[in-house]
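Look at the two complexes coming up: chain A is in both, with chain B in one and chain C in the other.
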Partner chain A sequence: MTRSFLARNPSVLIFIACLALFTLAVTLMSEAGGSGAISTSFVKTLGKTLCLCLVALAMDLVWGYTGILSLGHMAFFGLGGYMIGMWLMYARTETIVTASMSNAAIPPTDQEIVDAIGTQIFGVVGGSEFPPVWAFADSLWMQLALVVLVPGLLALVFGWLAFRSRVTGVYLSILTQAMTLALALYLFQNDSGLRGNNGLSGLQNIPGLTGMPQSVLSLWFFWASAFALGAGYLLCAWVVSGKFGSVIRGIRDDEARVRFLGYSVEGYKLFVFTLTAVIAGIAGALYYPQAGIINPAEIAPIASIYLAVWVAIGGRGRLYGAVIGAAFVSLLSTWFTGGQVPSVPLGFYTVDWVDWWQVLLGLSFVLVTLFAPQGIGGLFDLVTGRRPPDRHGADLGPDKGSFREREAEQ
Partner chain B sequence: MTKYLLAALAACMLCVGMAAAQDSPIQTLLQENRELIEKSSRRTIGPAIDALRDSGLPAAETVLEKWRDKDLWQRESDGLFFFAEKIDRDTLQLIDIATGDPLGEVPDDDMDQLKPNSGVRGMIAAALVQFQLQSPERRKRIAALNSIQRDPEPEHLDALRAAVEDEPDATIRTREERLLRLLTISYGASEETRIEAIRSFSGDTGVDVRAALNPLLATSRQAAEGDIPEGENVARKLRPGQEDFTKEDAYSLLVSKDLAPARISRADKRAALEANIADGQVGGVPVEHLNTEAARERAYASLAEAGTVPPTATEAEFEAALDAHVFYDRYAELSEAVTDAARGTLTSITTRVGLSQALDLSLDALSLASIYFLAAIGLAITFGVMGVINMAHGEFIMMGAYTGYVVQQLVPDYTISIIIALPLAFAVTFAAGVAMERLVIRWLYSRPLETLLATFGISIALQQLAKNIFGTQARPLTSPDWLDGALVLSDVVSISYIRIAIFVLALVFLAIFLFIMRRTRLGLELRAVTQNPRMAASMGINPDRINMLAFGLGSGIAGIAGVAIGLYAKVTSELGQDYIVQSFMTVVVGGVGNIWGTLLGATMIGFLQKGIEWLNPSNTLAAQTYMIIFIIIFIQFRPRGIIALKGRAAGD
Partner chain C sequence: MSQLLEVSGVSVTFDGFKAINNLSFSIGDAELRAIIGPNGAGKTTFMDIVTGKTRPDEGSVLWGEMSQSLLKMNESQIARAGVGRKFQRPTVFEDQTVYANLAMALKKSRSPWSVLASRPSEADRVRIEELAAEIGLADALRRKSGELSHGQKQWLEIGMLLAQEPRLLLVDEPAAGMTLAEREHTTDLLKEAAKTRAVVVVEHDMEFVRRLDCRVTVLHEGSVLAEGSLDHVTKNQDVIDVYLGR
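For the complex of A and B:
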């Protein structure tokens, strides 16, 4: 037990090294950093993908390691985005309004400026008053704190209610999905105070950095995302190694036994649930300034399902699997839905991938679940030679105990 | 000779006609009122019209009609009245007003057309109503009643009263009596009769009663110096600063009544300051310091002192003006007894309407509940009994709805197509369910979370497939004619037949479910397999086959639900998605594994959603949000649903 954390988890070092290399390569190839082989928009896509990888990490921690299939983590992701988006939108509108008002003969009062900002922001939903949720929108530091606090508190309250009444398994999944749906429906209303289905827009313009070209800005965000992913990976790896990690894996494999051993299962679950919600919130706060717009559709339950799909395809129960899955599927999805994939003429019908990508994704997801429960990450076991003993049965998958197989169930 | 004779005879006839024209009682009557008719002013014409109406002459109605339609002409030379029709530009065909006989063609130089203005025409029309009400034709009488109801006039009151007495038709008579009472509310001669009429409507939920009573209680906002003047029918006194009457409202009321000088708004003040900038200063205050309200007040005050801008009321004057006046809402109706009676009656009506609305809401909630129940009953088998999470259940509902749509494209008769579509939808989704069970779900029976994910994959694929085949726009699934329309119980309570049909369908499926589970071999074997598959297998039951059939059955019912849901909602590829979370909620809230629980769950969710919608009618999104939050909290207290299985059946 004297070996250091990194020595016990060589995969962390390998991952960080790969991430650093990737970041360096993208920096050198970007328009701002040198050759310009990668367009600014693609740098943004890569930066967004890194954020998705981060939220996939959180999902893997809560599902792959603790066995809670949460269908609500994209809601936390979206909430983080909304929190940072409020400041971005407020501050940017403030600069625009101040600039336009400074031409007036009489300098505006503070109240006049706030009123004008309100009219600018809420004009689309027929209002001009700032709702109470915008109370701290003028302060970057408060909103940054809210990025962490709002998803964290929501997860804490929801998790406490759910775990306390011993809602587990699929019931918990459905309940988290209901929470996501409720949140999305609430945000869709115009009087929710967050501009209804218009959402928040213009987030790619960072106030105070108006002179900065988007090519440089995108690179900065890419670095920030890469750093966040690296830090998140370290944190998650640290959480799952050691005693805490053993306990949560125990909860995943047999909750009742862990409880009988005297552990406070609810406490562990609640901690993991809240921690991952916070990570998801941070990932969202980095994602949406790169995406430029956030609206309630981003929070819809389907987004969280896709998150589960990424983690499952990448391979849950291992952190690098989640990252690989998120990166692979989301980039592939961008490629397919971007219309860059040549259509396949079948003579009687032309397969247009923009239309058929989802069908392909859905079916390949079914195939992965059926035939490769380890996901893409399972391929690494072939390389390292770490394969489970062949017991001639079907693997039950990580949530039923890594070393149990079908015989155990019957 | 004969020719002359004939001519003489014709001339003679004409003379007789002329004489008749001059002598007929109607002509005499018109001549008596000639001056009024010629003047044709709304203020003075009344007696002339009344005289015609009350004359009892058979020709009076025609004269009034022609007069209204501008077909009544007057001969300038002797002032006699005729009907006339234009033959061409300068020639008129004269017609006798008493007999309707043609009197020959005359040039129009001597003739003067009577052109009553719209006010006079309205009065004539009101007078005509009396004739229409007493017309022998039933249709005309009903039309007259309709027109009175559309826009009632005080003049109609007498006409109606006269008509009620000798109305032979009972239904029309009832209507006339009701209308008479309604008119009495607004135009009754004395306070007592009006109050009596108002009281007679107590508890009547008709829209027309409320339409008649509400104007009586219309108020206008007033302000007066000192005390409220005598003789005002005050609805309530207002205190400035209370909830719905701010001090600003009060002051602007005073301004609008010229009881106080106007205050200058912030925007105007700003504009005035802007207009008076001199040497970078306004009234001695440097422009760059004008970024606070206080500095602007100061600058404006000094400008006002200098006389360059009109003075504005200061805060103290503002308060003083408010203190010096009383504010109140005043009824337009002057009699307090009438407004009291109207308020009392309206309250009783509101109570009745409220009860009816509660009934209507319950019916709505019941039909929503039956829709949820229909959507969830398939799940009650696959999820409730077998424990399989099928997230593609919603897509089976969608497949059923699209099956109905395709059938309607092929079979144009809506009734037949529905009859074909129901079993066909069952067959299609049964096959899809069996295929899914065989290919995917049976490998995952011990891994519920993965079943959830795999069926999600299928759900995504099926949705996109539907989009590719049918497009993204909504497809109509038209219901047959006999399902159109609604069962109207009263002005407030009504329920469409299609909802009744869905309700009946839900009950039928409840019966079918109970029958299959309790009375058939399949149900017995299914219960055995879900309780203990190995024991069941050793009893000679084939668990694979039973699971397959049960899953197919659950999916098939989803297909039929799809047809029913498609009939009242548009069919889109997202149809199933809209119901899937609610359906699972229904099953979970009700209690897994118990059909009565599902029924209770659906009822609870249906009533809850309608109840929340009633509290906040403008916002169905909010209703869904609050409902889901409520369910999340509900599950805290009853994690196993309303009806929880106990003992061995509970599993785990």
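For the complex of A and C:
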């Protein structure tokens, strides 16, 4: 029991090695770092995919391990994106405005500059005043802190209210859907202070790095995303490896029993919910500068449902499963919806994959849930021989003489 | 003599049905007590009240030297105060190893932060191996508890209770579904546990109660009908009428 963390979890080492190899390969094939076999836009897609893998890890921790089917984690992801987006937009507009006003005969005052930035940013929603939520938008460090604090606090308050009232199961899922829907609807309003349905845009331009080509920037963000995914994986693996993992899996399987063991189930759920919200926020803060734009549609309820689908297809309750599911499904989705897949003419009807992809996704979700509840990650069990006993819940025979499953003899 | 647990004048009504009716019960340190009674006598509801699962309509449940009221605490606080409970059906975490099950139950800080920071220690391992030997599962520590037989699961659950080091053990039908040999082992475990702590056993099976050789409380329609040694209560005419005579 005293072996090191990595020795007890060899899959972590394998995962980190695979991630490092992948990062190296992409770097060598990118336009900025090597042969140029991979276009800059595809590097961005891969970087975004790594961020989605990170939020899928969070989802696996909260759903696969703790058994809380949260259908609202993309709200935290989006909030993280909004927080970093505010600084990106403010700082970039500031450089543009300062440059254009410096030609004026009388040098502008600080207040004039701020007003001009406000007009630039909020002109699209018919305003020019900075709403209170933009109070710290001029400070990168403050906004970076808010990336963690805003999703974390929202999760803490929401989770405290929900778990304290012992809302569980499907009711909690509905509540989290309501939360993300309410947040999306609020942000859709022009007077919410975050530019309504226009969202925040131009996020791919990093202030102070205007001379830097996108091919280089995309690679930097790709590296940052890979690093965040690796660190997130280590953190999640560490959290679930020890006694804490034992307790949260216990909560998933039999909440009441854990309570009678003396553990405060609500405290543990709140801890996991908040931690995963913070991870989701960080993933979002890395995702949206690569996407370039964020608007309230990103945190619509369907986004969080997709997240659950990725984790289910990848395999709940194992961290690499979540990563595989998110990467596989989101890349496949990019491929199908990108219009590059040839349509299938059936004579009487032409199957256009842009429209039919969602049907395919829905069908595969149903099939995976029914026939392969372990998901894609379950394929690794075939290799390692870690098959669960298929006893349909019955006990093993009590004595050696009676019928026993083969695994009891191992 | 000061009592460990004092339940007095407790009543519970479910949809007009009085499950517990003005029940009073007390037990001291290091005492073994059996509770018997026909179906629906309120045995399980009584345990639910003590462990905080059900709130009584009236009455009081006082605990320990400080006479704390258990009614103001939730399930996990009551468990931390020193009340351990074994359910009728064995409820162990089937997806986890016997070792992990016992490790989770060990008496240690239960807060998320300290559990997150806790690392397996040598002292824990020794304690877990001791417990496993006591419940006859020393060879099964690395097995998933879902693979155990029914009787072994019952023992594992008793082992988890012992690991919690509770001052009061509530045990609901420990012998249900056990073979004769398993029953004898269970009786020994409970008697051994009762040397250092209070143990309350709810049981249907008279033979099992006789083997426990302890004071018996007979429940009927939510209140205490008789109390005393098994021979004493089995001679009681009321008890014969409602329970034994049928």
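Convention: the second predicted complex is superposed on the first by the 391 of 410 C-alpha atoms of A that agree within 3 Å, B and C clash if a C-alpha of one lies under 4 Å from a C-alpha of the other, contacts with A are read in each partner's own complex, and residues count from 1 in each chain.
In this text, a residue touches a chain if its C-beta (ideal position, glycine included) is under 8 Å from a C-beta of that chain, and two chains touch if they have at least 3 such contacts.
Every value quoted in this text rests on a predicted model; they were computed, and no experiment measured them.
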With the two complexes superposed on chain A, say which partner A:M179 touches: chain B (first), chain C (second), both, or neither. first
Given the superposition on chain A, which partner contacts more residues in chain A: chain B or chain C? B
Quick one: classify A:D355 as touching chain B (first), chain C (second), both or neither. first
Just to be sure I read the superposition right, which of the two partners does A:V265 touch: chain B = first, chain C = second, or both, or neither? second
Do chain B and chain C touch any of the same residues on chain A, and if so, which? 396-397, 399
Which chain A residues qualify as touching chain C in the complex? 1-2, 239, 242-244, 246-247, 249-250, 253-254, 256-257, 259-265, 267-268, 271, 389, 395-399, 405, 407-408
Going by the contact rule set out above, which residues of chain C touch chain A in the complex? 51, 53, 74-77, 79-80, 84-85, 87, 91, 93-96, 100, 103-105, 110-112, 115-116, 118-120, 122, 125, 143, 146-153, 160, 164, 179, 182
Within their complex, state which residues of chain B touch chain A. 270, 273-274, 277, 282, 287-288, 290-293, 296, 389, 440, 443-444, 446-450, 452-454, 456-465, 467-468, 534, 577, 581, 584-585, 588, 619, 621-622, 624-625, 628-629, 631-633, 635-637, 639
Within their complex, chain A touches chain B through residues 69, 104-111, 158, 161-162, 164-167, 169-171, 173-175, 177-179, 181-183, 185-186, 188-189, 191, 301-302, 305, 308-309, 312, 355-359, 361-366, 369-370, 373, 394, 396-397, 399-400, 406, 409-410
